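Each structure below is given as structure tokens.
The following pair of complexes shares a single chain, subunit A, combined with subunit B in the former and subunit C in the latter.
Coming up: the complex of A and B.
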């Protein structure tokens, strides 16, 4: 059986590598992705339409903002699903943990973490706020922010981290992130545009329609950052304790 | 030439690391090897100029998902059966 599986995997691998030679070579200007009129349209008009230097962020948060909104919702639902499935009912399996983690927080580790957590969090804010100009944005900044809370949980214990950022608060913050995102979309709808048509926000912001799109993208990224931060930490807290939310790693 | 060599090196390391991550029995080691895989992918993205993707791969792939995998392994049997 195992041998059959190996042969099957090798065959599929061969098939895939055989198909891979039909791909255009990397950086080929004749490749469909480069020669399509959509690409040249975005390259030409992103800077004019939105004043955002980082085209990736402009496409992600503005041109296909609807898509990104539901990506955020998917992250939220995934976190919700993991936490609620692992929380389980009364039939929780009570298998003994293979590794009993029972230790005092280490002095050197906790003091190092005390020093670097603020740096990580400021870097996360920088990544989030600078997403238009340089690589980065809500997802990356949110993950870095969530990682700082995970670091607190790893170096002290989960209880210390949960005291700062409880699971209920996680989901409040995560839902708030989606509300911020959808709220910006709805606001532009109320102001006469379509859903997530940020240019109409210039009626309430003292800026040009182009700069309104620029700033609305920042707002949207902040919403994404909220959701991703909270869900990353909730995922860790739930998975590391088998859903019990206590005596974790 | 330099980039060609770099790509070849990274891609062959990727194959080695991918096989290694399935080959090792210890799931914690497997998770750590996955982190190496993600980091190599991140280098490759960065070299191709897709810095946004590289950034995401570094934070999500090499960072948080490794922590989450290891945290999960600690609630399972550490050795894989096959």
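Coming up: the complex of A and C.
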């Protein structure tokens, strides 16, 4: 079995290496991916269309807004599924004391974390809110924010972190993020455009249509950041405790 | 050996990124096919996914190009617009699309966008898969594929004629036997925790380790001599509270 798998894997490796010979060389500006009309269009006209200097954010939240919205929904559903798979169920009898790890939170660790966590959270907000003009955005800021809560849970215990961000609140916040995202899309639809066509928001915002897209992208990123923050922490909380939400890692 | 035109030069020098992606992909594929433990299979899937991400990101590289964020002098609404606003031509043509010669100075933003979302969604789906694994482990007492298949077959043989395989409560007594027999490979938590003495050293405090099965119920914790060193403000747990 293992030998057959090894042969198969090596065969696939040979085929892929053989195919890689025909790929464009590293960093070739004439490579098909770099010279395709789609990416050239994004590079050339993002600034005119949206006033956002960061093309990645513009493509993520505006040109490919549908994709990002449903990927946020995927993250939300995955978090919901993890919690509901692990919570309850037929064999709750593993809920004995085998997993209980008992320790006192360390003085040095907790005080260091107490100093670091506000910095991490402010940096997360910066990454989220500054994602239009520098590398960053909702996903990155959300992950950094969720990591700060995971850090609290690691250095104290899960209960301390759950006192600050309970699982119920996690899902409220995650759903709120999707509602913000879809709400901005629906609002632009109500105002006469298509779904997620942010330019029509200039009717309610006192800015130009390009600047309206800028601000709507910020709102969308905030929604993504909410969802990702909450789901990252919910994933950690349920996976580290086998769904019991107490006495975990 | 690495002279120009040879296949090793083409693969390992000019296209090292593709070579690394192939190697990572093979490691992941090997783990998915050959490993017996479900968790290891999942980690293999994660490595596979990392290979794909590396592939996409390395496709986006362009020599002599900067990151896909407009330089201030290229931003149509940035400093360009401010300098133009003094002239009367602004209303005539407005902000200009970047010329083709400048477009080649920016890397391709599309792979970055695709992988940005793929990473986060990959984390979420990996968490989902791990939770299913945990649930399998909780139900069957093992995460090894061959033991799992054996148990499933035994269960099928037991309730032939039954509609579905129901939950495996009845096989609880078998679990320890099965894991002891194969404790070399077994990933079951109980066997490793309750049998190996080195786990006791991993408890960072002087409190009695709560390993083993039944010793946890006695309240030895309340008279432990260690003073509370935790700062009070952020701590929500009192010393004896988690014993409940």
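The definition used in the following text is that the second predicted complex is superposed on the first by the 240 of 249 C-alpha atoms of A that agree within 3 Å, B and C clash if a C-alpha of one lies under 4 Å from a C-alpha of the other, contacts with A are read in each partner's own complex, and residues count from 1 in each chain.
Here is the rule we use: contacts are C-beta pairs under 8 Å (C-beta built on N, C-alpha and C of every residue); 3 or more make two chains touch, one makes a residue touch a chain.
None of the values given here were measured: they were computed from a predicted structure.
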item: Partner chain(s) touched by A:239 [first = subunit B, second = subunit C, both, neither]; value: both
item: Partner chain in contact with A:112 - subunit B first, subunit C second, else both or neither; value: neither
item: More subunit A residues in contact [subunit B versus subunit C]; value: C
item: Partner chain(s) touched by A:56 [first = subunit B, second = subunit C, both, neither]; value: both
item: Which of subunit B and subunit C A:5 touches, first, second, both or neither; value: second
item: Which of subunit B and subunit C A:135 touches, first, second, both or neither; value: both
item: Partner chain in contact with A:64 - subunit B first, subunit C second, else both or neither; value: second
item: First (subunit B), second (subunit C), both or neither touched by A:31; value: second
item: Subunit B versus subunit C as contact partner of A:150, first or second or both or neither; value: first
item: Shared subunit A surface residues [contacts with subunit B and with subunit C]; value: 2, 26, 54, 56, 97-99, 101, 135, 137, 139-140, 143, 232, 235, 239, 242
item: Contact set on subunit C toward subunit A in their complex; value: 7, 10-11, 14-19, 22-23, 25-26, 29-30, 33-34, 58-65, 67-70, 74-78, 94-100, 103-104, 106-113, 116-117, 119-121, 123-125, 127-128, 130-132, 134-135, 138-139, 167-169, 172, 189-190, 193-194, 203-205, 207-211, 213, 216-217, 221, 226, 228-231, 234-237, 239, 242
item: Subunit B-touching residues of subunit A, taken from the complex the two chains share; value: 2, 26, 54, 56-57, 97-99, 101, 127, 135-137, 139-140, 143-144, 146-147, 150, 154, 232, 235-236, 239-242, 248-249
item: List of subunit A residues in touch with subunit C within their complex; value: 1-2, 5-6, 8-10, 12-13, 16-17, 20-21, 23, 25-29, 31, 33-34, 36, 38-40, 42-48, 51, 53-56, 59-60, 64, 67-68, 71, 74-75, 78-79, 81-82, 85-86, 89-91, 93-94, 96-107, 110-111, 114, 133-135, 137, 139-140, 142-143, 156-157, 159-160, 163, 210, 228, 231-232, 235, 238-239, 242-243, 246-247
item: Residue ranges of subunit B in contact with subunit A within the complex; value: 48, 51-52, 54-56, 59-60, 63-64, 67-68, 71-72, 74-78, 82
